[in-house]
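Scrolling down, you'll hit the structures one after another.
What follows is chain A paired twice: with chain B in the first complex and chain C in the second.
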Partner chain A sequence: MPRLRALTTSFRHQAMHFLSDPGWLIPNIIAPFVITLVVLLMYREVTGPVVLYAVLGGGMMGMWGNTLYASGFSIQSERWWGTIEAVLAVPSSLIWIIAGRTIWNALIGVVNGLLILLIAMVAFQVPLDIADPVMFLVAFFLTLMSLASLGLLFSSAFVLTRQAGVLTNGLEFPIYVGTGCLFPIVLLPGWAHPLSLVLAPTWGIDAIREAAGYNPQGIWGTVMPAVGQGAFPFDLAIMALLALAYLAAAMVLFKVVDDKARRTGELARV
Partner chain B sequence: MNTDFAQSARVFWSSAVIAKKALFAWLRPSLWLMQLLTMSLFQIAMFWYIAQYVNPERSLDYVIVGNAMQSIAYVAVFAVTNITGEEKEAGTLPGILVTPANRFAMFVGKAMFQVLNSIATVAVAFVYAIFVFGLDISHLNLVTLAVVIGITSFATVGFGLMLSSLGFYLRTSMIVANIFLFIGLLFCGVNFPVSVLPEFLQPISYAIPMTYGTDAARHAVEGMELSDPVMLGLLGSELLVAAVAILVGYFMMLGFERLARRKGTLEMF
Partner chain C sequence: MVAVADPVIEAKGLVRVYRSSTGIVRKKRKETLAVDHISFSVGRGELFGILGPNGAGKTTTIKMLTTLLYPTAGTATILGYDVQRDAMEVRRRIGLILGGERGLYYRVTGRHNLRYFADLYGVPMEKRDRRIQEVLEMVGLAEKADMRVENYSRGMKQKLHIAKGIIHDPEIIFMDEPTIGLDPQASRETRRMTQHLIEQGKTILLTTHYMYEADELCGRIAVINNGKIVAMDTPAGLKSLVKDTAVIEVEGFGITDHEMNKIRGIEGVRTVSSTVTESKQVMRVQVCDAGEMLTPVTRALDCKILDVRVKEPTLEDAYLWLVEGHA
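For the complex of A and B:
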């Protein structure tokens, strides 16, 4: 019960922070938004459902951009404000506090993702014909949860370093490339496929495209040909398993990081 | 007059040296190196794969050169724009502003290390462009390309300084830095020609030095001489835009400083 209280209070605290300065949504959304526009302009000679491919990828990038920045800066900001030691000194475990923030950030990630889809639809007249809206929403929600658990995993590392901002910027493009948001991962070299496949969002975007009804060169038809196309439930199952694995790893790492931060006494170094 | 110049030169040099020392006091060199070696790689890779997927028949050199040049933005735009914001967050901005040192020399000096950093970033990006992404260099004019990279680094840092002046007044310069970090991808002819943009947006492209830099770099890769009138025109325009940006930035800095003093927002972040 105290854990749940820590989680809900931290969620509310993060919401208040966000509402007091919503301009922070801009850094989170600008990269995915601009990249989606760039890609739509690169796709200008192509017509038909292929444009939907780019728009869905852009939505996924929007969610990831938000999760990554929010995970990195929720710790870094505490350092700047001089409050990080107080946060670590409270009896609640740090993971529940960060988890509350991550869940709020994930919810804002939905706004990011939907905003990108909406702008693309209006500005570029992209028809968002979703083949299976229910499955689409399920895949969208589960992808968001998997991104949140990945964000939680990265957060543990961000506690240790005062260079979280550098890492945050550095992790943006590798995840876009690795997950194949805007191109099929079969184009990546063979040695990179396992790296892509251990990223839950890779399965998430595959599931979202399957549900939307346009997934040429999807994972199951190319990198994992054994099952064949249309393996939507497998996408969701693997994504959920990976998200649980991230969560378990994050719980262990937060314990290690908490202990190390207390021993070295360098937690508050800006 | 000579004493003023000597003092400004001293402020310029000490600001440049302190900025470099401060960077490495905060950022581990290994992390700086990792950033230098990975940023451009993943940016080029991203658009290289997208271009391959969209149209496998077309040459990818346009996208490779554009993104190799644009990788400068992390250093020349993002880091430089944050100069004033970081002083504010560190609580050192008022301390700096009460000194009688020449503001222009101080802030330009602070950005100078980022010119070297930018040159190194683009050089690494071109190594990837050639050896990883297979950029065709059969006609490359190396001297022209080196000059283009040098001038573009100076010009883009100048543009970043103009944006940095906003940090005097805004609560954080991070938002502006993030916007301009990526906006070049859209406006500067990095992945598609500027002519593809709607006409009313094209003047924005020509107000950013990088637009001329990417165009000049493509000509250099195709073998154009430095003395070619087209090249001279591009580099001249780039320097002119950068000079105007620095000048506008300086006046913005003075104006925002006055405004921040009057409203008491100099330390607000």
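For the complex of A and C:
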């Protein structure tokens, strides 16, 4: 129960902080609009389901960018505000505190992703005919969970570093490219495929596109043709397994970084 | 070390070394000894002060006792729990009150800050809101509780720091320079609240470099310098270290370091210190015999002197005498 309470109160705390800063309009309203515009311009020569494919990739970009930045800066902000020591002095483990915040960040990421779809439909008249709306929402929800666990894993590294900004910038585009948001991962060199396959968002976007009904160059038909196309439930299963693996790794890492922070005394340095 | 009845904080041979490095290819490693084998005990219900100049090791000591830093050597226990091995048990029973502008969530209200920490400290849900109201009233913030912290004055922020540190009703409270940067009225208010906590039976460990604060509040004081405890006694006991001295206080303009060093070199001078206010400079010279030393001290000054007085030594004089290496 104390863990759940630390998680829920941190979720609420992050929500209040998020909403109290008008700056949220930039990443969550303006950026999705820009992403949609960029994606539609890139694919302006094509029509039909290919546009849907592209817009879904844009949605995933919005989800990932938001989760990554919010996770990176939630620790860095504590440093700037001088609150990190007060947080470390409480009898709740840091991982549950950060987990609550990360779930909020991932949720906002999903809202961001859905907003991109909405903008594409309303502002740019892109027809979004989702083949299986229920599975589409299930895929979105599981992607939210996997993004939260990936955000948590990254957050553990951000506890120790004062360079969260550099790290988040560095991690943004490799994930856009490596997970198939921008174009199918089959177009990447072979050595990059294993790296793509250990990233949960790769499976998330694959599942979302499968549920939407247009995924001609998905993982199962191209990178792993032996399984064959249309193995959509496996996307979700692998994504869930990866999320659990991230979670387990984050739990170990948080213990390690918490110990190291108290040993080196570097935590409060801005 | 003097035995203390019913000790609730015990530090034995605490050492803290900070390791840092510079350079990438040819790394240079540096070690800084911040706390050097300090030992002390604090009894239940006591207000114990740690007094020392900047960089003496006060905050490092508090960080080790509040589990934020591991000691490099030595041990410390809080209510019998080891600060490293039983960190969670320690954290449940202590409160940490920091001084300064930082350490609060500015974009949300004071009440939200308290609710967040009440939850993280595990204050029972059914008691939480009542407890928040209780501490808000205690620190005098009840009417401003629903204002964003960014609109608080410095004094109000300090009140919120105190409320946050006691929200879970801890038995032991650590206060790290709680009056730093406060105006006299807000400082007095903070001291009143500290006194109130002692009356409630709390044990407090307070660090400060304000002598009058330590003198007014603390039952015992440890003077720390360069990471070592150089004296530990009651305020009266510390003052008695300089009982056979007097203080010549000179008010003036433009007293230079060169002149102060010249005075330090005069035989019979024990310490020299200076403070600058908006309108003048006040130099305090601790001497063995004020009558005999008055002339050589004023002769060494080549500046405008407004006033010269002879005063009884205070805790500040005892402190200066100790931190200048006379212990």
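The rule we apply is simple: the second predicted complex is superposed on the first by the 259 of 270 C-alpha atoms of A that agree within 3 Å, B and C clash if a C-alpha of one lies under 4 Å from a C-alpha of the other, contacts with A are read in each partner's own complex, and residues count from 1 in each chain.
The working rule: contacts are C-beta pairs under 8 Å (C-beta built on N, C-alpha and C of every residue); 3 or more make two chains touch, one makes a residue touch a chain.
All values reported here derive from a predicted model rather than from experimental measurement.
Applying the stated contact rule after C-alpha superposition, one finds that A:Thr9 touches chain C and leaves chain B untouched.
Legend: residue contacts after superposition of the two complexes on their common chain; A:Val90 is shown touching chain C, with no touch to chain B. In the overlay built on the shared chain, the residue A:Asp21 is in contact with chain B and with chain C.
Look at A:Gly82: by the touch rule set out above, it reaches chain C but stays clear of chain B.
In the superposition on chain A, A:Val34 contacts chain B only, with no contact to chain C. Of the two partner chains placed by superposition, only chain C is touched by A:Arg262; chain B is not.
Taking chain A as the reference, the larger set of touched residues comes from B, when chain B and chain C are compared. Residues 21 of chain A lie at the contact with chain B in one complex and at the contact with chain C in the other.
Per the touch definition, chain A reaches chain C in the complex via residues 2, 5-6, 8-9, 13, 16-17, 20-21, 81-83, 85-92, 97, 262-265, 267. The touching residues of chain A, counted against chain B in their complex, run 21, 23-24, 26-27, 30-31, 34-35, 37-39, 41-46, 80, 162-163, 166-167, 169-170, 173-174, 176-177, 182-184, 187-188, 270. Those residues of chain B that touch chain A in the shared complex are 26-28, 31, 34-35, 38-39, 42-43, 45-47, 49-55, 74, 78, 89-90, 171, 174-175, 178-179, 181-183, 185-186, 190-192, 196-197. Interface residues of chain C facing chain A in the complex, by the touch rule stated above, are 16, 18-19, 60, 63, 66-70, 88, 91-92, 94, 96, 98, 100-108, 112, 115-117, 119-122, 148, 164.
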